[in-house]
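Each of the next two complexes has subunit A plus one more chain, namely subunit B in the first and subunit C in the second.
Up next is the complex of A and B:
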């Protein structure tokens, strides 16, 4: 198990993004709202890219902008902004994902609260040459916007350094996930969640260094004999340690995921031998896909099935954020796709405003007997 | 004149012809395979002209959704989709179409099976997921025409990307049909499409007259042709006749709402299963919904299209439509409509089924209120699923709103 000291900086970052221990000392902060935000470019321009999460405070001010049938993540982040809880930001970047984020971007831009604002309207298709060309064009546009904001050009060297840095974070998180899969008791699900979320928030050099340290102390031991139930989590964000705790208390281990707050963020390394802009674009075309994007028709089903096979998982738990359309549309096909391949599924609806993790205990326990 | 006779006089005569044209269109589509014709399902804002040029019959699941809603069959079909695992929070057009494809229900027993699917995401991200589902279900080729959201403007990269997809689209159609693309025919279709859109704009503009010869409720109905038969002579001929009828009504002083006194603007999709009730409720207040942001979307991008370079300019025209732009630009268009149609109030339908149309509405509401001073009403509903509509609540709110509209007018 990881010690309290080892977890401390990640917990600090999660509890307070501006924590003196883990925040960037010199860099101004640019908030990001999606795993498709080109963080390497933001870093290369001299800023600190920080993923924004909802503080889950009561929705009061956002009521005047977004109806109740908008997801709690989008409403929650707007509430934080309007309430002044994000005043530390120099700016924000909105990659194009779903309809709700797209309109949040408009509302945010009209509020004009921060110095820097950018939409990065990435292609929705990720499987055609013209989409790749467009992806590269849009990344170059964003690079120019960042250069203007940072007051200096982004050099090739800056890009290579940023790519190297983020690749280190990705490699370490992947190593930690592998360790967890090989011997689930070494890292608790809640800790792994905190490591990912903390890394999304804290200074990136610190994240890279600290993660590498953790990996070196956590060499995997032999696979334990008592093979408990093993599952994969799938959904958009799973921003609550409680879900991991409830699942693990039913003797089920989360051995992989398909989440914004998990593998979708760090999947796929960026090639460092080719043109850096092209390499960044290529990663977005190839990495684990979000359902708001399009590629082959069954790519997510195949991916989940292969994850299940690789990690010997008997089930997939869908944590579906209420009002999240892209994930809700994919659920029926994924359920059928997986169940015809012998992989059990469970759907749990999540609302960030109401932590219902405690109420799912019985369902998780029943599910544990099935897998 | 008796009430009956007066009602008869107010009826728009072209409605029957329109119904006949739509019946013929659906019969053609339903018998396509017997006539060796291919059927493409396409999104309402999708680039249909190349299909028309290729003699492929375009079929619109969204128009079908509207028919399901009007026939009050939405609740049942949406519930069936929920039984299939689709969340009740998803778009009701998508839910009803997805279940309808399986159970062959609805007012016409389901749409003809598609040979291909054409999905343009200029209206929402929902269509992307919806068409993926249908592509898996019917196991037919899917073409995605990706029109990046233009939050603040139209950039070179977007123009290049969308233009490249026009060529990919044509190659896709050639591959699926096994026929070469006919560019001469395309040029004709492009011109007819433009003419149809101009005529549709002219139809909508007839409501500038006081009293208005038709209302947005009529526009919701007559819209079907510019959506489904855009690019054909049929649409052009029909709208010419419709304009003639509207001009006749104007010269004879026939208004759609008896004693029209107040003029309103509607935002978002119609509440298809309550059209008649809503129309009567507003009429009872002598209020006419003279215009709406929805039906005008099918002629809102005319400025970007050059009929002599249709394929080139279509890229921009299809990308910069009403929903694919920033909320502030949408507000500007609303303010323009408030002025053009000289309206006394703005009614916004907060539509659970349509997130890109509904999120940002409150910001639009504030901008419009501030800039024009007209009262704004927001009603909560859903375009097809009646379970999200409370008639008594909406009625109370309309009554209260109309009081404010009346007071506002009395001040002037």
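Up next is the complex of A and C:
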């Protein structure tokens, strides 16, 4: 198990993004809202890319802009911005993903609260050669915008260093996930969630160093644990340790995920022997898509089925934010795709500002008996 | 060997006793504010009613919304598993359950051994649940127990368009103001609630034979409306409301045999 001291900096980052221990000392902060934000470029330009999460405060000010049928993540982040809780930001980056995120970007730009603003209009279809050319083009435009904001050019060397840094973070997180899959009891789901979220928030050099230290202290046990109650978690953001605690108290372990706050962020590495801009473009083209993007028609189903096979999981739990259209559209086909392959599924809808632990516990406990 | 099942729902608490795979008796009381006391009370009253001594009960399984508050239970199991077991105990041919209780409605698919293979629950709101019907009965000034029968007298059901309990209530109030017939409004309410529940049943691909359980199964109007939406008849017994407690008692006896 990880010690309180080992977890401390990650807990601090989660509880207070500006905590003295983990914040960048010299870099100004650029907020990101999605794992399609090219963080390597932001870092190479001299900024600290920080993933924004909703503080889950009651929606008061955002109510005037976004109706109740927009997801709680988008409403929650707007509320934080309007209430001044994000005034530490120098700017924000909105990659082109779902509709709600686009509207949030519009409102954000009109409010003009921060010095820097960028829409990164990525391609939607990611499986064509022209999309790859277009992706590279968009990233180059974004690079120019960042250079203007940072007041200096981004050099090849800066790009290589950023790629190296983010690859280190990705490699360590993958190693931690592998340990979790092999010996679920070594790291609790809540701790793993905090490590990923903390790494998304804190200074990246700190994240890379601290994660490497953690990995070196954790030794997997040779004998794999029994295969009962292993699941994959799929969805957009899973932003509460409580979900992992509910799952584990039903004797079920999350052994892999397909989450924006999980493997979709850190799976895959960026090739460091080729042109860095092309290499960054390749990573964002080739990583597992989220449902706001298109690649092959059944690629998400195949990916989930192969994750379940690799990690010996009997089921997939879809943790979906209420009113999240892209995930809701994909769900019926994914359910059928997986069930015809003998993989059980469970769908849970959550709202970030509401606690509905009772119903979720009932579902998880029943699902534990089904798998 | 005597085993007990306690089902603490949001509106009523139920208890069942099973002796050697035979149902002894059941009891339903109001849950009230205190879940802990409701569990104690329903269990003690059933023991008194049946003349069974507490020391004779080998194992207790608690279920329902308040299952964690039953301190004397040996194990807590979800109401989905308990309704599955209960329905299979009463009629092994059953392959699906529509359970409409106080705060949740659920569709549950079973295999030929009574194991749950899929389920769906209402999650966005309380429309289609017992609480929804209670709110509507109140607005219409009709006894909840009479609601089913009154609705069946309707020749021309009203159309309730709102999904949300709060909006549906204001829609009903405006219908009352327009002096629409009470039975027509009630039939409209049943139809609207049944449509919500039928969506869950279709999501889980329930197929005949299906049992309707939970307190709302006692509402004939609601059951008929649901049958219309599903296109087949639903089985329901006099113990529909107690089905979860019965399942819990059966699971308790398996627990007892297992140990």
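Keep in mind that, in the parts below, the second predicted complex is superposed on the first by the 363 of 371 C-alpha atoms of A that agree within 3 Å, B and C clash if a C-alpha of one lies under 4 Å from a C-alpha of the other, contacts with A are read in each partner's own complex, and residues count from 1 in each chain.
Heads up, the rule we're going with is that a residue touches a chain if its C-beta (ideal position, glycine included) is under 8 Å from a C-beta of that chain, and two chains touch if they have at least 3 such contacts.
As the structure is a computational prediction, the values presented were derived from the model and not from experiment.
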item: Partner chain in contact with A:358 - subunit B first, subunit C second, else both or neither; value: second
item: First, second, both or neither for A:297, with subunit B first and subunit C second; value: first
item: Partner chain in contact with A:236 - subunit B first, subunit C second, else both or neither; value: neither
item: Of subunit C and subunit B, partner touching more subunit A residues; value: B
item: Partner chain in contact with A:103 - subunit B first, subunit C second, else both or neither; value: first
item: Partner chain in contact with A:333 - subunit B first, subunit C second, else both or neither; value: first
item: Partner chain in contact with A:366 - subunit B first, subunit C second, else both or neither; value: second
item: Touching partner for A:322 - first (subunit B), second (subunit C), both, neither; value: both
item: Shared subunit A contacts, counted only where both subunit B and subunit C touch the same residue; value: 322
item: Subunit A-facing residues of subunit C, complex; value: 65, 77-81, 104, 115-121, 123-124
item: Residues on subunit A engaged by subunit B in the complex (per definition of touch); value: 64-67, 69-70, 96, 98-100, 102-107, 109-110, 119, 121, 123-125, 128, 130-131, 133-134, 137-138, 141, 291-292, 294, 297-298, 320, 322-323, 325-326, 328-333, 335
item: Of all residues in subunit B, those that touch subunit A in their complex; value: 84-87, 89-91, 94, 121, 124-126, 128-130, 132-133, 135-136, 142, 144, 146, 148-152, 155-158, 160-161, 164-165, 168, 326-328, 350, 352, 355-356, 358-363, 380
item: Touching residues (chain side subunit A, partner subunit C) in the complex; value: 322, 339, 344, 347-349, 356, 358-359, 362-363, 365-366, 369-370
